[in-house]
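Okay, handing you the structure first.
Each chain carries a letter (A, B and C) given by its place in the written order, and its residues are counted from 1.
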Amino acid sequence: MLMVIVSGLAIGALFAATALSYNVMYSTSKVLSVTTGHIAMLGGVFGAYAISALGQPWWLGLIAAILVGGLFGWLTDLIAIRRVLARSDEHLWLLSTLAMATMVQQAVGLWWGTEPKPFPRLIPQDFSAGIGDQKFWLPIALAGLMAIGLEFFYRRTMYGKLFLAMSEDAFAARARGVSTDRIRVASYVIAGALGGLAGFAAGQLTFAYFALGLTLTLNGFIALAVGGLGSNLGALIGGLTLGLLNTFASYLFGGEYQQTIAVGLLMVVLLVKPEGLLGAQQVRPV
Amino acid sequence: MMQQSSLDSSAQTARVLSPQSQQRDGALRTGSLSARGVTKQFGAVVALDQVSLDLCPGEVHGLIGPNGSGKTTLLNLLSGYYQPTSGAIQLRGEELAQASVRRRAQLGVARTFQKPRLLGTLSVLDNVVLGAWTHVEPGFLPTALGLPRMARADRVLLDQAAELLHGVGLSHAIDRRANLLEHAEQRFLEIARGLAMRPGFILLDEPAGGLSNDEIEHLGGIIQTIRDAGIGVLLVEHHTDFVFRVCDRVTTLDIGRMICHGRPQDVRHDPEVIRVYLGA
Amino acid sequence: MNSRNRLLWIVTLALVAISLPFWSSDQYQVHLAALICCYWVLIAGLNLVVGYSGQLSIGHVGLLSIGAYAFAILSGKWGLPAFASVALAGALCGLCGLLLGLPSLRLPGFYFAMATMAFALIVGEFALAQGSLTGGGVGLPVPAFPAPFDTPVGFYYLTVIGAALASVLTWNVARQMYGRGLIAIRDNPVTAQAVGVPVFRAKLTTFVFSGIAAGVGGALFGSLQSYITPDTFHFELSLFFFVCIIIGGRGSIVGPFLGVAVLTALPELVAPLAKLGNFFYGLLLLLVVLVVPEGIGRVFELIAQRLRPRSGVSVPVAPDLPRLAKAIASIQALK
């Protein structure tokens, strides 16, 4: 029973981290990128590659995951967002990020293989550690650190306050001399780095698997929508709720209907409170 | 009867300058599109405060005022994009405030937009004929099955739309893609589309914006032709000279309140109006 | 394209389609052509949703799946006549479209796309889990149609009929008032409302129709495959449909048809592309979105425009007021 709770919190932490990434990118670009889930996938895959295939120490794998994630975030902005935002057609970024997500997923599938590969142990630990297994508390710890770190960043640092200003009113921010383009790029790099880190931390839970991206995009989005777009606390609550629901449903009914249950949760929440549990009213992403 | 007296009482504070013309138009007012004592608040901001306006068929009614006076808000209330916080919107005596934008289109209320809203990938002709949607109310199935009556109706409407385009002066652009149009052409296209809706009333949101003097002359001619056809025209505009030339009656707003109302020649010499414009 | 040219193209295409089995070099090409027709039945319907009303549905493989499984179960397991099964499969998928569209079509773009993607994944889960009905991971055999459609060539002609039907229905909608209304919903919903288009109702009706089309296409597709498993309906197929429409060009019937024909045939003709598979489709989508968002059809239009002599003089607007008065009067006279 405890195992169900702990594993639910762990996978929920990964969903929450993805939702947090969504928030960071959304705050500066008003874009929900389909590539969000793929960032974590890259973190897991490249972390595994660095440590298992290249035989590097775990902290080098960690750096690799962060770098690859950040780079992918930067590329997402460069290729899929920058030119597209300039045009007025609102649908285009959905298509461009969808295209990028497909490309990166297939490319990784071709290079890494389509089978999920095991992610190496980061800290020496017995495999019989049960609920104390690092594959559970690593992602949970990371999600918590991410949320706290982002709060600190937004409230205490100048740069973070620029982010907040831009998300409230990009036009006014630009009028005050804030370089909104640079902030947007920075937000994508940060979201990428954080996502890569989250994928690395959860790697032992999810395995290094090329197809993780799409399901994580969807489940991270459900966590975001349940918790409320734009709210980091909501992202945490939404993610953990979804994770627990997943594992409890698997425990009680078998694991065949995970997606159905996730969507069911979303529908229930949206029916009661369309903007999500902690979402701001009338925040309508397009 | 009740409505008339409430208009008079608010008019007393708002200084009606042409009481004779008001009495004459009393009969027409029952067929009008009206705002009665309308207030519109956005949170703490009062955009309109107890404003009344009657748009009668067969007249051009100008609505002027400095920036932020509430002109576009009033237009949006009449056309259905906003709901009034209090007060009534009526069409020929019937309460309209709950009617959706689509319902008002069916009832014959057309409008143009401050920034022209066109379908860029369609031809100019297709853009105009779209205005005739409410005449056809096409169903998916009859259309998909290719029933002859749908095609026939389409042809008639296309011919009428072409005639409207010739009338407003866009003969040379009928088959052109709408996103290739010049600014003036876009504005005239929107008017043609509004006319295709067979409106009883057409609300023009700053149609002279960005037009040259010649084009404004043409616009004036078109507006008067529309008026002569029995359609009520609301002209929200910044070009006050143009408004005074073309309109039968003018209402002036300032900071959400109606400050003056009457014939153009009276309004333009009114000291309050002059103060508002010179002081602004 | 004027109507005489168009008639010429249609006749040519019809002749090519009808004569294909006689000049194609092997059975596989006929199979490929039949596959294109099956896809087109679905894509023609999806085209109205994505290309005309602008709703970005990336989950239609779920409807294809339901159509195929319904046909396999109704006609194969329960022994109903084939054509009745196709009709029922179409109706079932139309109902699914209604149930999916009712809550989702009110949502903003990304939410809607995610909802459709979730739908596709959920259908996959059900197909795998409901083993007694669907055969689970093992899958189901799909019966063939009765004679004369039980041979590869005969079945090919059946799919051609289906594709032609889908083309006619959607083309009728596209070129008349309803199609203009859909484009208004896509490009400027405020304008659509302002002229009286029932925005939600039109989106939903179109979506339900695309469901029916997907169901029929799915039934044909299943029969062509002759055996289906949940893996037959991988999510990337949904992306493929979507990409055909975007690349072919929104707001066109011909564009997406060329899109599906070319993109289905391409991996067969160019072997290295087959290996790249979905990476290639993603790359193509990205290029189109960045360079020619209106689709490749637009590229041809632009080239034609360059070649045509342009009148650079801008003509001033010159109203003809008497003509305008007459036009208004004639509109007012219609009641």
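Convention: a residue touches a chain if its C-beta (ideal position, glycine included) is under 8 Å from a C-beta of that chain, and two chains touch if they have at least 3 such contacts.
These figures come from a predicted structure and were not determined experimentally.
J.: Drawing the touching chains as a network, do you get a line, a ring, a star, a complete graph or other?
T.: Topology of the interface graph: linear, an open chain of contacts.
J.: Please state which pair of chains has more C-beta contact pairs than any other pair.
T.: So the pair of chains linked by the most contacts is B-C.
J.: What's the distance between the Cα centroids of chain A and chain B, rounded to whole Å?
T.: 49
J.: Report the inter-chain centroid distance for chain A and chain C in whole angstrom, where each centroid is the mean of the CA atoms.
T.: Averaging C-alpha atoms per chain gives centres 33 Å apart.
J.: Indicate the whole-number Å distance between the mean C-alpha point of chain B and the mean C-alpha point of chain C.
T.: Once rounded, the distance between the two centres reads 40 Å.
J.: When you check chain B against every other chain, which residues touch at least two of them?
T.: As it turns out, chain B has no residue touching two or more other chains.
J.: Where in chain C do residues touch two or more of the other chains?
T.: none
J.: Enumerate the residues of chain A that touch no fewer than two other chains.
T.: none
J.: Contact residues on chain B for chain C in the complex?
T.: 79, 100-102, 105-106, 110-111, 113, 117-122, 126, 129-136, 138-140, 143-146, 150-151, 153-154, 156-157, 160, 163-164, 166-173, 182, 184-185, 188, 193, 195-198, 214-215, 218, 221-222, 225-226, 228-231
J.: Which part of chain C faces chain A closely enough to touch in the complex?
T.: Counting only chain C, the residues touching chain A are 54, 56, 58, 103, 108-111, 113-115, 117-118, 121-122, 124-126, 128-129, 235-236, 239, 246, 275-279, 281-283, 285-286, 289-290, 293.
J.: What residues on chain A touch chain C, complex-wise?
T.: Answer in residue numbers: 32, 79-80, 83-84, 87, 89-92, 94-96, 98-103, 105-107, 110, 214-215, 218, 221-222, 225, 256-260, 262-263, 266-267, 270, 284-286.
J.: Going by the contact rule at the top, pick out the chain C residues touching chain B in the complex.
T.: Going through chain C, the ones touching chain B are 168-170, 172-173, 176-181, 183-184, 187-188, 190-191, 193-199, 202, 205-206, 209, 251, 294, 314-321, 323-332, 334.
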